Structure formats: C-alpha cells, structure tokens
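Some structures to go through are shown next.
You will see chain A twice below: alongside chain B first, and alongside chain C after that.
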Partner chain A sequence: MAVITNDIIKEVKEVICDFFAEECEVDRSTITDNTRIIKDLGGDSLMFLELIEIFKKKYNLDVELKTIGKYTVKHPVETIGQLIETQMKIIEFENKLIDLEK
Partner chain B sequence: MYLQEPAFVFPAFANNYTHEAKEALPGLEIRFREMLTLFSEDLARFDFVTNNFLGDEFLTQVITYAYSCAVSDMLREKGYRAAYVSGFSMGIYSALYHAGSITYKTGLDLLSKAYHDSVECLPDETFTMGTVIGLSPSDVNGLVEKYRLPLEIINQSSPVTITVSGPSAPVRRLLEEAIGEGALKTHILNVSVPYHTHYLEPVAVSFSVHARNAAIHPPTIPVLSQIDQRILHTADDIREELVKNLFRHMNSMNAHETLLSLGVKTFVECGPGRGMKRNARFLEGDFRFYHPSELLSESYLQPEEPPLK
Partner chain C sequence: MTRKVVVTGMNIISSLGLDLQTNWEHLVQGKSGVGYIRGFDASNLQTKIAAEVPDSFEEYAKSFIRKRQAGQMTRVTRMCVVCAMEAVKAAHIDFGQLDRSRCAVIIGVVNTGNSSVEKGTKPQNTIFKSMTNSMPAWIALEYGLTGPSFAVNTACASSAYSLGLGFDLIRSGQADLVITGGADSIINPEEMAGFNALYALSVRNDPPEKASCPFSKNRDGFVVGEGAGIVILESEDSARARGAEILAEVAGYALTGEAYNIMAPMTDGAGMAITMEKALKNAGLTTDDIDYINAHGTSTELNDRFETMAIKTVFGPRAHHIPVSSTKSMTGHTIGAAGAIESAITVMSIRESIVPPTVNYDDPDPELDLDYVPNQARKHTIRAAMSNSFGFGGHNASLVFRKFQP
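For the complex of A and B:
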C-alpha cells in the first residue's frame, strides 16, 4: 500500500487532465473536477483503461483490472474529479481495493 | 512524412463523426459526398455533427465505406503507399477498393447484398453484438460456458477487449454477468445481424453466387485476412474471404501481430473514428499508429523516401 502524498495527488491530476486534453482535443484549462468525461469531453472506456495502464507502469502497481472493475461498479466514474479519486484509491490500495467493499 | 512499411487498416463502421467534423480535412468532404451520391443523393446529406442516418444499420456501413474509400484515395494521391491492407469485418470492402481488387460501385453492391442476404436468412429472433472491456477471452468464455449462453466470441481486438455476437437476450445477459465479473465496461453494438457467427452460414450459398459474379481482380496490394491472418493474393482468395467474412470469427489482435511480423512499422486507420488506433495502444510491439488527419493536414510535409546511404 502506497502512502499518498500531495506530490502524488498533484501528479495524478496533471497526468489525467493532460491526457484528456490531448485525446479529446480540448483546451487543458477548461477541464475541471466537474467536467463530465463522456458527455463533456467525448471520452470513452478505452481511455479509462489506458490511464489505468499508464498509472500501473508509473507506480509499478500490482492490481488486476477485474478488481478495478468490481470497485467501479460500486463507485461509478462520471467526472474528472471522480476519476482522480478512483485513481488515488487504486494507487493506495492496489489489489486490496476489493477489501474496501467488505 | 515517410511511413516505413505501412499497413492501411479499415474499420467496419463508426457511430460518431465528431472528430471528422472538427478536422474538416481539405478536399475530403467533397469527395466523400460524391461517393455517397453514388449510393443515393439523400444519403449525401449526411451530416458530421447531427450524425443523421446513423440509426440505420446498413446506411452506417455505407457511410463508413464511402468515407474510408475517400480518405484512402487522398492518402494515395498524397503519395502514401500501403505495403499491406486489411479490413475489419465489413471494412474488407474498402480495403479491397484501395487494393484495386474491386471498384467503388462493386463494393457498394456487395456490401448491400451481404447485409440484405444476411437479414433474410436469419430466423425470427432478435440478434445483436456486444463488447466487453477489461476481461480476458478465457474470462468471457468462462461466463459463456457457465451460463450456457448460445453466443460466440467473434473477435479479440486487445488482450482485454472481446466482442460477442448472437441472439440479443444471451448477449445482454453476458454483458451483465461480465460487469459482475469485473469488466470495466460493456456495450451493445448498434447492429441486429449476428455477424461472424454460425447463424449466417446459410448466407454462404446465395452470397457465393454474388461473389462469383462480381468483377473481382487480384489485389495490387497484399490483403491480410482478419479471419485466419493469411495473405490473399488472387481473385478467388478474395471471393472465398468475402463469403467467410460473414460467418467466421475474426481476430484483429492476431492480424495486427501478423502484420508486425511481416515488417510493418506503421499503421494508418483509414476510416472515421479512432477505435482501431485506441485498441492498438494495448498491443505489444514497435510500431506507430496514425489517423489520416495526421497525414493529410497541410501542416505535414509530403512523404518522401529516405535518402539512400
């Protein structure tokens, strides 16, 4: 389990916002925590999957996609803020994410 | 820009043209509409923003076919030469057009016959297709077996992107169970024909006749099969492939890997949308994947051969 620092939070937020700005061809400054990924940006689930892979490599995470899938069923991700929050949980708990639901 | 050993790959269809509205590639829209007019003047009023006509399963295929043919023509005129072409599902027709195996009109005719023959042969039951993202083929197959669902896994486009096809109720059930199993996302495709399944085997008889009577020429560019990953060289190879393309499973991940093994270093997604390019990000290998907008916009240099050393 990783200790979440302010630097990690800042980095995760930057990676996510930069990613969507580039992928969805929108001005980075228009993306806020309340921006809706699908409705406002035209994003899709493959982008979410790609971000997971980016963070898995970046932080050397041991987490199965299925674990993340089971977590997001109960904690749906609609906005950039929710995605950042979910990503922080993945980094912090990795495969133990599933235990949060028990 | 010089592309090293490029493969032009052609999607089956797209349900959203938002990117195409933004890009407005010079000259493309005029050519695209001319091609749509050859099908019908009404369809030429297709709008990139409102996406009219995309509720119609067959017209969606025609629009994608026209767009893919138009964009691949422009790439050729700009000097981009494909080392291989490969068409995903009904994208085979635009791949064959680009390879000089069929004319645009022959492609339209075969696309139409493939769709209408398929619809006519189906039993009185509703069908669809669906995609599961986040589970492996063995996970999905485990669910199919566990619940004895009469559907087929018809494509794998990445290690965790699986497409199934079959009767609507079992497909929907599978997608529900997949979410419970930990899939990140599932979605139903806007189709009513169970392409690439045994349900379409009866079409082989009538469609073989159409394929035999159609003017099909040996391709000038090698065509890679998405079904069994062999290279199609002759007109008879093409005819056989067109028939099998209706009821045989595909594996676009294997097709991608085969192209890499043949020396392909760059891929160009010749069609609307970005689906193939996005899926390719989950595939291993040393390659680059382009969308035509990256090659056709005026800011890019004309392609040139690298200097001889």
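For the complex of A and C:
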C-alpha cells in the first residue's frame, strides 16, 4: 500500500504518455485523458502489460497479473485517462486491489 | 466450367532490389546479388558469402509498417509484409469492394529469421517473432481478410506450395483471391554452420558473385539468399469484375513427396520427373507447350545433375530446345521464398518474352547438356513456362504458368 502523492501522479502520467507517444509514433502533446488507446493511437492490449511491468519495477510493486485482470474486467480501460486511473489504483493497492471489489 | 486462376499482382524483395522492376532489370542484366556477409561476423564460418537484401530495406520498411508493429516482427517478417503491401498496391486491390471472407493468405516460410542476428527483442515480442504463421497473420490483419490464413513449410519448396494451395482454393470455389508467396532468411551463424556441416553450401568465397554457378562443372553448393516474393492469385471472374490487369494464368501444378531421403533427391531425379509430369497433366498441357523452365537449379552437385536428368526424362528430345535457367545464380537460394520469387520471375519472362540467364556458366559440365541460357538474357516468346522447387525432405513442386488468353 503506497501513499499516492502529487509527484507520483505526475510521474505516472508522464511515463504513460511518453510510452504511447514513443510506441505509437504520435506527438506527445496530442495525447489527452480522452484519447482512446486502440481507436485513436493504434495501440494494443500488450502495451498495458508492458506498462504494468514498468511500474512494477519502478515502485517495487507486489501485484499479480490475475488480480489486475479481475479488476480490469469490471473496470475496462479504453482511454488514457482510464489507464492512468487504473495504474494509480494498482500502485496504491497492489494485490489488495482485489479487496476493492468485495 | 473450371474457374481459371490468374495472377493479378506480384512483387519481389531480394538481394537484387526492393521491388519487382528493379529485380527484373538486374536479372535481365545478369547481375549477382551475392557478396561478403554484412549482417554478422562470418569470419569463423566456412562460408562467408550470401545474397543479402540491401541495407536500405529497413528505412524503406518504415514507410509501410508502424514502429510498434515493426518491433513485433523480425526483419524477414517485415520483408514479407512490405512485399505483400506493394503487391496489393500494384494489383490495385480495394478490399472494401471485395468479400473479405473470400480472400485468403498463404505464406511459405521455413525461418522467420529470429536468430542471434535479430537484436533488441522485448520478451513480449519473442513469440510473435518466432511464429512462422505471423507472416500470413500480419497480412490478413493489414487488410482485414477473414478467409483462410496460414503458413506452409516444405523447406525450399514452401512458397511454391503456397501458390499450389492458393490455386486450389480458388479453383474449388472456396476463395476469390489469395495472397500467396513466401519470405525467408537463413543468413545467421547457427543455420549457416548447420548447412556447412551438411556440405550443402558453396565455400568458394572469393569472388562472392561467382560462387553460385548452377549446372557448371565447378559448382560446389548453394549460396544462401534471403528475401520475399508475393504472387496474388485471383479467379478470372474476380479479376474481370474489378477491371484488374491479368498478368498470366496459372495453368496447373503438382506437389509430390519422395519418401526417399531427408536431404538427397531421389536417384536420377525420378521424383522431380514425376512432379513435372503431373504438373503438365494438371495444367492440361503437353511437353510441346512449354517454352521455358525456371529451374530449381541450386548449384549443388546432386540437384543440378538430377534436375537435368528429370527434364530429359519428361521432355524427351524437346528438352534440348527449351531454355532452362536458374535465377538462383543471381538471387542465391532464398529457401522458403524461392518458389514465389521464381514464380514472379517466370511470369515476368512470359510477359516480357525474355528469359533471364544462368550467370557464372563459364565451365560447362559435359554431363549436363541442356540449354541453360548461359550468362546473357535472351529474347524468347513463351506461351507457357514451368517453375520447379524441390525441398529437403523430398517436398517437390512444379508450377505451370501461361500467357493469359481470354
């Protein structure tokens, strides 16, 4: 369980936007919270997994993929904003993410 | 009435160039694509030469494939996809106007090239890069094609098989259009060392461009090439309905297995002869109808001897009057891509009435006495032509193309 600070929020946003700008070859400034990952950026679901790995290393997270899977089934991620929100939850709750559903 | 199967698009990426026209011009000029290996340090290998695709390919590919997808493909897979995209463009196909569920993709491939020469692979991409079926999958994804999509592996005959299978999908009414072809590269230290251990490769490294010399007395093994070839097959009805230019007709083909030896062809080319005979029969043609044979012609002792014998068995006295050339003398042996590359070359020969030469034919083997079109291209009217592919494991294919007559 991590305490989410403004610095962490800023950092997560930056990592996610930089990642999509680089991988999808789009101008970083065009990515907003409402940008749709697949329809607007031509992204794919594997990118979500790659980002999880990046954040697991960065914040030394103890979280299993199946926990995230169960969470995202109920909270689908379509836009960059939703992705940032989900990543913040993962960082905040790690494996206890599952408890949010109880 | 049998549905006619026609060719409406083609492309080649090889050591001779990144598009069909450049390849054709170099083939007619008798230019060799063989050189010292640039892709890795080959100093410890017996064979230090290969026919590598020009280094400019990667920059060229960027205008076709997005960075994200490019990272999920090997260099060879990118060659396949780029080659297909250019062939589709050349054929002026608008898939929005076709029934995509009746459009198929069949790609012949043995190796995706996911070897030690492939650098910087993310763990998430390892499997995509290794899957041979990724090549047809990427092409189907590009155009949203939902007909059959699969890879076929029959070693050096792989992409010839893809054309044969595509032909049948159309003739049997299961598809209207099939993107066929192949892509391959074994230009990496592991596989070249393996082929060296089998004494299959030429070790005459100097000068590189002289090493591939099919049918010559001094031939000492094949020279490895790499690349991609795509041939778009379509029913005559589909081609006509969209006003496509018909480049040639696929008259027929044959596939056979020798069940003889994992490496060597059947003695005296018996299996090769059976394949050619069956292909002629399937095409409804006789030996008199064939005006050119694009030979498998690998520059190995056994293939060239046995293929010559097989041609004589099938064509009798006429064998000496049919130009037989091996374009592997220039492209090297592109393994899984060879059948498709050589099919495209054969169709170009029919259209242009030009037979590309067998280069490096400087030291004739007295026992091999056909007209191998030595060293210089030749003007020659071709009504119908045959392209042969014979693979390790005894996988044989002969394809017959003819000038399209409405």
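Criterion: the second predicted complex is superposed on the first by the 102 of 102 C-alpha atoms of A that agree within 3 Å, B and C clash if a C-alpha of one lies under 4 Å from a C-alpha of the other, contacts with A are read in each partner's own complex, and residues count from 1 in each chain.
The working rule: a residue touches a chain if its C-beta (ideal position, glycine included) is under 8 Å from a C-beta of that chain, and two chains touch if they have at least 3 such contacts.
Predicted, not measured: the structure shown is a model, and the values here were computed from it.
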Worksheet item: Touching A:Glu25 in the superposition: chain B (first), chain C (second), both, neither?
Response: both
Worksheet item: What's your read, chain B or chain C touching more residues of chain A?
Response: B
Worksheet item: Just chain B (first), just chain C (second), both, or neither: which does A:Glu78 touch?
Response: neither
Item to complete: Tell me which partner A:Asp33 touches in the superposition: chain B (first), chain C (second), both or neither.
Response: neither
Discussion item. I'd like to know which partner A:Lys70 touches here: chain B for first, chain C for second, both or neither.
Written reply: first
Item to complete: Tell me which partner A:Glu14 touches in the superposition: chain B (first), chain C (second), both or neither.
Response: neither
Worksheet item: Does the superposition put A:Asp62 against chain B (first), chain C (second), both, or neither?
Response: neither
Worksheet item: What is the contact status of A:Leu46 with respect to chain B (first) and chain C (second): first, second, both, or neither?
Response: both
Worksheet entry | chain C-contacting residues of chain A that also contact chain B | 25, 42, 44, 46-47, 49-50
Worksheet entry | Footprint of chain A on chain B - complex, ascending | 16, 18-19, 22, 133-135, 139, 160-161, 179-185, 187, 275, 278-279, 281-282
Worksheet, complete the sentence: In the complex, chain C touches chain A at residues 66-68, 122, 124
Worksheet entry | Complex contact set, residues of chain A against chain C | 23-25, 42-44, 46-47, 49-50
Discussion item. Touching residues of chain A toward chain B in the complex: what are they?
Written reply: 25, 42, 44-50, 52-53, 64-70, 72-73
